Every structure is written in structure tokens, then in C-alpha cells.
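Below, subunit A partners subunit B and then partners subunit C, in two separate complexes.
Right, the complex of A and B next:
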């Protein structure tokens, strides 16, 4: 049992040599995988179909039982907990959403609170609050049935349902896979903004490397049930472990880096010089926006430097020179 | 055989009405028992533990369907004799199959994603069955019950042959005495009863069906 020191970073999810062989198969679907996910991080599992990413996710809430190895959540071995109780403490969003078609959106979102026997007025209050959070009109939407919503709205409702009892952990299996690229982009942006407030520990499965680079604090690349590389998006782009990871990322690593690196990841520690620069900036972008957006804003405002905001607070700057250095560093590796 | 209108009126309004209630009973009692038996069996057969028995049980039900009702009565004759009770048993066996089959079909029509999501939310197997699978398969189950009802309404006419009462008595009297009017009146009433029960079941279904399906 791991003792948790308040305020310290600790492992929320820990996999130890987790192993899964499905009946009537010889090749393991998940082959002795170990890694940890720290509290408040988004960890993205990415890889081709059949690489075991969904199986890993489903083992964390025990929809699939591992053949060997152990999984710990907050220091507790999940095989020693009641599966249904465990799942109620973990938010779960899947690509097909799986809203109950015979229940209203309000009832769907209130599903887990109702399982936990919350009083009815508390459930109603929470449902309204959640619909508001995910950007749905609470009064309008709560009474509707799933078939009356668009794909994007259903996905939002799915996220709201997973957030209902404020679980510390969320498992998301290609949650934005079923909507068109424009809506997907919106949902991703909104989700990242939401994550800044709620700070959940999130396991996110996707086959889209761009989505992985955009959403992940950490990326776990999987192939044929084996862990190929674990690292930050930046590490993944600047230092791919092997040709498989390189192929997965594609030939445009440098550009991807600018498009998909969040501005905050290039942020330098605050110095007197940057403080001066902050005062001189005429234009700002949000910390979670990509570096490419910084370039765009610089060009539009004819400026060499752009301020980085987190919420309403300015936390630093990003200059043209810094971005160029960054590109050089990457292409130097290539 | 000839047809006289006033005899037909007499058959419709004097001879047949006493048998209506009997006939309705001959439909509703077997239907109720068959539903009480076939629905739980159908549900049970979709559970992982019993799924491997599905083919065998459905085979038995299918066989029940192929035996003529008169033969069923013949089989039970040594135990129950002639009359009302064997007729009820034969009709019950007859009504089982459509209900069991539709229960299976309805339960398996519930999308796996919905069940998966329900499980992932932390619903217990029992809650998934009660709150997700059964409500979602209800309309298919109800159409099975309706099929059984119409089937039983027609077959119940044969009950009269073994002294099992019902509208069949009117029809067979018509056949024995070459009275077209009686045959026609009995048949009409059976059709009316079948339709009325179908309507009643539709009404119940409307009450039970989640509003999104309406």
C-alpha cells in the first residue's frame, strides 16, 4: 500500500507486468506491460488496430480481467475490489457513447449518482451543472432523448455522464472518433480546457497520432500488445524510439511539432528578461493552444513575440527565435 | 348449404354470445401461463451461463409448435381426460414458441455498446437486465405475445372437439347441422376476439414502451 503524501505527485494508476491472453488465442493481446500514470495527467494509448490499447483500458475498470500481473488504482489492487463499485468510481466514455436510448439525457447523466443512491434533488442539481459544463443547454437537453441530439451533442452528454460523480479517473476510448473533424477539433479543445479545471487522471485511447499528440501529457505507443515507447508528445516527436514510432508519426515531424506542441510546453522559466517581454507583448494566446497558433498570431500582429496566458493570468512569452531554435533542434535529430 | 339472413342474425345475437366469455378465457389463460413460462426462459437463455442450451430449448419449443393441438390433447388424454383442462394445456404449449422466440430476438437486439456502457458505468448484471435489456426488448417481446394471442384465438376453436367449450362449439354445431350461419357467426366472433385482444395488448404495450419508441 502506497502512502499518499498530500500535495506530492503520486501514481494514480500503476500497471505491473499486465498480461492478457484471450481464450483460443496463442498471441497475447497485452504482453507484460508496466507503466504508471501520475495524478492529473492525460495518458494517451496509441497504436494500430489490435495493438491492445482498448484491452488495457478495459482492464483498468475490469471489463476485461487480466490473465496475469496487477493493476493498482491509488495504491489499491483492483482485483481486490468489487468490480461494480470500482466502475462507479471511474468515468467511462466510449466511441459509440452508449447513452441508454430509452432514458432522457438528464436520466443518462444522472445514472451513476442514481446507482449511488444520491437524493433526487441533488442528482437534478448535478445534472444541470454537468450539462452546463459540457456546453449543452441544461433546460433544453435534459428532457430530450439521445436520438434527438446530434453526434457532437451526444458525445458531450457522454462526457457529462462520465463526470457525474466527479470520479478522479476517466477512461476514454476514442471518445471523439465518431464525429466529423471540425466537431472533433472543437470537442478536443473544450475537453482540454475542461481538464485544466477538473484535473482528472485520464486514460485516452486513440489510433490517431495527431489526437494523441494534441491531447496527451504522456503518450504510450503500443504495437502487437507490447509497449514501444512512453513519453511526452515532445519526446515522442524529437526522439522517437524506433522506426515504428517514426512511421506512426509520419514524415512531417517538424511541422507536427509546431502544430501539436502546446505553447506552454516551450515556455521558459520566468526571468527578468521574460517579465520585460511580457509587458511588451501586444498579442496573446492561450497556454494550451499550439505553437503554430503563436506563429499565426505573430504574423497577424507583425510582432516577434507573443504572450502566453493560462486563464486570465499571463505566464510567459514565446518568441520567434525560440520557436526557430526548437525547429532546428528537431530537424537536427532527423 | 344455404344461407338465410335472419338465421344468421339469430346465430350472431342469440346462439353465439354465451360462448364469448368462454372463448376469451381459452385465449387469455393459456396466453398468461405461456408468457409466464416462455418470457423468463427466453431471458434466461440469453444469459452467458445458459446460452449454450438455447438451440436445444428452442428445438423443444419448435417441436411443440409442429404437433397438431388435437395430438397434444391425445397425448395428455390418459392423464387429464377430455374437457377444459387438457384443452388449456394444449393451447399453452402452442402459445409458448412465439413468445420465447421473440424474447430471445428482443434481448439480443439490444446494442452491445449500450450494454457495455451500462456495465462500464457500474450497473450490476441485474440492473442491466432490469433497467436496460428488458425495457429495450419489450416491444419485440410484446409482438411475440400478440402473435401468440392471435394464434391461440384461432386454435382455441378446436377445444370444443374435446369438450373444452368456447366458440368452437358454435362452429362445430354449424358443421354438424349444415348451418352456414352458425359457422360464419362463430368465425366472425373468433376474429373479433383476436382483434380485441390484439388491441388490448397494444394498449398495454403503449403503456410500457419508453416514449422514445412511440
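Right, the complex of A and C next:
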């Protein structure tokens, strides 16, 4: 599998045998979980309700204190830092968004900068910039109150607020769970595009395996507080650890693979031959689009190969043979 | 028709006395409101932070509230340090204000949406920042409803304090009753009602000014 080469890899978030038992319960909500998240990656925690995914997320910004084990952010043990200071350095987005209803969107987005006592004109500038980034009209929206926004707009405002002081880490708890499927799809796409620019280290909680496969660089599958499997979406689909993971993914693993694998993960370096073919039919897709899109473009243009772009730059190609091999590999062990 | 004319005549003929009563009435109401707001809003905020005391404090407020006012005034008069007059009257009325104020502050703070608190905490707001920037502003409409009820209630109850030596509009009503003169009773009642309405109106305006437009939408 071709993995995009990143800069020097280093662990941004590290959990070591993290353990949480809530008062008046005997079964641990999170049971000795260890894993690391590298800088600039999206790590999705997925599993049924009560599997501990939200608890893990909330332990990373100390909204929940672990019973045992340790969590490191950028090498620093979070239990040795001030909780409020820690949280101001971590973006936090929840499903209910939690915009302050008595504050305008502008004030909501500028909340953390204001807590950090930025000068007022710098806050205003940053707010305008952020609203623009998340696709809201800065002039219109900044003055509005949360109740005047649609669900999708509120989610965008929530993301803008979390990005306000440019935190290296974002924690997102089912951030797109409350909007309808069409808007959710849009928000996911836009968020992935945004992530290409901002390169945050992101922990993302969802119960929707499709969302996990789409958004994650890594997926952590959890069940009853235990870590079941950690891997890339591709590894998850092609090599599920056990029946639980298989059930979670569903029976259509092969198709999901095409639907949900980003084109970049099957990306091949272009040769002069493929290069020519691509230029002839001028069929391109974006690196974060699913392989399914590549098939669609191939069928429309009657071509066996498509070019893959990241931004405006062509970074490689994807061919029908490649896709077929991939399906064979998957269905081979099914 | 005749009654109305009589009442107007009475008010005009006794304007200086009525003015004196009105000023006394106002000064009692404002003293009581001033102390009550500081005291009971603080208590309300404290019990919303230390939840385990909330039940007993609100219970106490309810018990005080159901004591007939005339008997509470009577009891205070017998305490030597209080005696007849302003001290007993003010103290009793402050105690009556406890229920609507403490309960509404507590209810207001507790009604703040959990997800808003969660996101505030998640963004690194301290407890004090959450209290002053989220809980109080969001509780404000409910708190203010309590303040308005209290103001109107105190204005009405203050009339009873005439029996323990307060020279206020209650005296007018009392005179009317003892002399069997309904014109005086109505005059007193009308002036008291006007004061209550006016206070409520002014407080309504203040509330509108102080409540965020983001909270004012109803649906």
C-alpha cells in the first residue's frame, strides 16, 4: 500500500494503559487502552454506544479524569498540566455544538481568543478569517445569533470556534451527527479538504463505520471498553481482526472499499504511458475522492486510467487494473 | 361614576398626605428590593453550585412564604431589637422575597443546556468564567421574572406593614376600613396598584435591555 510520505513522523497523542471506571460501576468504561496518534493524522474512534469512545476523547482534554494509566500530548503528561490551559490548546467540537445562544456567532468564534486575552482587533480579524475558511459569509454571519442559523451552518460555526487559536489538536465527538445525510456528506468533504491545509491532529468519534472509513487516516475499533483493532481504513476492510469488526463493517466490504477508499490510497506513480492516456481523456479526480468516483469517471470517458490531483497538482494515477487487483485481494479472503 | 369622582376628589384634597405615604411606601419597597436582590441572588447562585443544600434552602423559603404576613410582622415586633416600624417591616418583607428570588435563580442556572456548559468547559473556561459568561446571562430571563414578581409582591405586602407603624399607603386602606369609607379604600388600592404596575413596566424595559437578543426568540 502506498502511504503518503509526511514530514518527520512524531507522536502527538499517546495513551498508555489508560483505564477508567466510573463511580458505582464495576465494569471499566475504558479498559487499559494504549495507542498513539501521529501528528497531522485523523484518528477515528468507532464502536457501538457504550464502547468507551467518547470517554477516551473526554479524557484527552481532561473532561474525564482517567482512573489509571497516562496520556501524553506532545510528550507532556496531561495530568501535570493545568486543565483549563490544556483545553484552550485543544479544539473541541461536539454533536450538540454548544454554541452560546446569548452570544453572536462572531463572539462565539472569538471565545477562546478572548479567554486568552488577544487584542480586540486581532480577534475580529481572526473571526472573519475563520468564518471564511468554514464557508460562512463573514459579514452576514458574525452578527447573527445561533438560533438564526441552520444545523449545517451551526456545525460550521462550531468547527470555526474550535479552530480559533489554531490548536494543533482537535477533538470531535460525532461533529456531523445532527445534520441530515446530504449536509453531512458536504461537511465531511469540506472538512477533509480543510484538513489538507491545516493538518491538525484529530481525534474523531463516530458510531457510523462509513464515516469512520471516510474520515480516518487511522481507525480505532472499540467494544466494551477494549481496543479491538487499530489500523488504516484499508487494513480494516481488507484484514478485519475478528467477527466483531467484520460485523461492524458489514457484508459489502468489497464495495465499501471502492466507495470509501480515498483515491490516494491506491495511487500509483504515473508512467509516461499512463500520463499520456490521462491527458488524452483529461479525466482527473481529487486525491480525497473515493475510488468509486474514479470508476465513474472511467466509465463516462471510456478510459482505463484517471489522474489524481491534490489541489491543482497531479500526483499520480489510478488504473482499472489496480482497482481490479484490489477487489480480488479483498474478495480472495472473504 | 360617582365613586370615581369621589375617589379623585379624595386624592386631590389629600394630596400632600398621599404623597407622604407614597414616598414612605416607595422607600420601604426599594430598601427591601435592594437587600433582597443582593442577598437572595447570592444564595441562589450558591445553592446552584452546592447542589446538596438546594432542597433544604428552597424548602425553607417555601415555609417562610406560607406564613401569613400579619403574623410574621407581629412576631418581629415582639423582638426588642426590631420593635415597631421599619426594621421589622423590612426584615419580614426580605424574608418573603426569598422564595421567588432564590427559586428562580436556582431554576434559571439549572436550566442552562448541558451541551453549552460542556462546550464551555471543553474550550477551557474556568468555573468562574462559566458562571459569569454562560450561566448567569443564560439564566437572566428566568431570574428577571423572579425579580418582577418580587417587586409587585413586595409593593402589595408592604401595605400590611401599616399595622406595625409604617406610615404608607396601607394606612389609607386601613383608615377606609375603620371608617367604613370605600372611597378611601379604593384610593389607597388604586395608588398601590399603579405603583406595582409602574415598577413592573420599568423592570420589563430593563429586562429587555439586559437580555441578549439571542435568548429572546420564542420558537
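Observations, loosely collected:
One rule holds in what follows: the second predicted complex is superposed on the first by the 314 of 334 C-alpha atoms of A that agree within 3 Å, B and C clash if a C-alpha of one lies under 4 Å from a C-alpha of the other, contacts with A are read in each partner's own complex, and residues count from 1 in each chain.
The rule we apply is simple: a residue touches a chain if its C-beta (ideal position, glycine included) is under 8 Å from a C-beta of that chain, and two chains touch if they have at least 3 such contacts.
Fair warning: this is a prediction, and the values are worked out from it, not measured in the lab.
With subunit A as the common reference for superposition, the partners subunit B and subunit C occupy clashing space.
Of the two partner chains placed by superposition, subunit B and subunit C are both touched by A:87.
By the touch criterion defined above, A:327 lies against neither subunit B nor subunit C after alignment on the C-alpha atoms of chain A. With both structures placed on the common chain, the touch criterion links A:61 to subunit B and to subunit C. Once the two complexes are laid over each other on the shared chain, residue contacts for A:283 go to neither subunit B nor subunit C.
In the superposed model, A:241 lies in contact with neither subunit B nor subunit C. The contact surfaces that subunit B and subunit C form on subunit A in the two complexes overlap at residues 61, 63, 84-89, 92, 94, 96-103, 111-112, 115, 145-147, 161, 171.
Those residues of subunit C that touch subunit A in the shared complex are 113, 115-126, 129, 133-134, 137-138, 140, 212-215, 217.
If you check the complex, the residues on subunit B that touch subunit A are 111, 113-114, 116-124, 127, 131-132, 135-136, 210-213. Of all the residues in subunit A, the ones that touch subunit B in their complex are 61, 63, 84-89, 92, 94, 96-103, 111-112, 115, 145-147, 161, 171. Those residues of subunit A lying in contact with subunit C across their complex are 61, 63, 83-89, 92, 94, 96-104, 111-112, 115, 145-147, 158, 161-162, 171.
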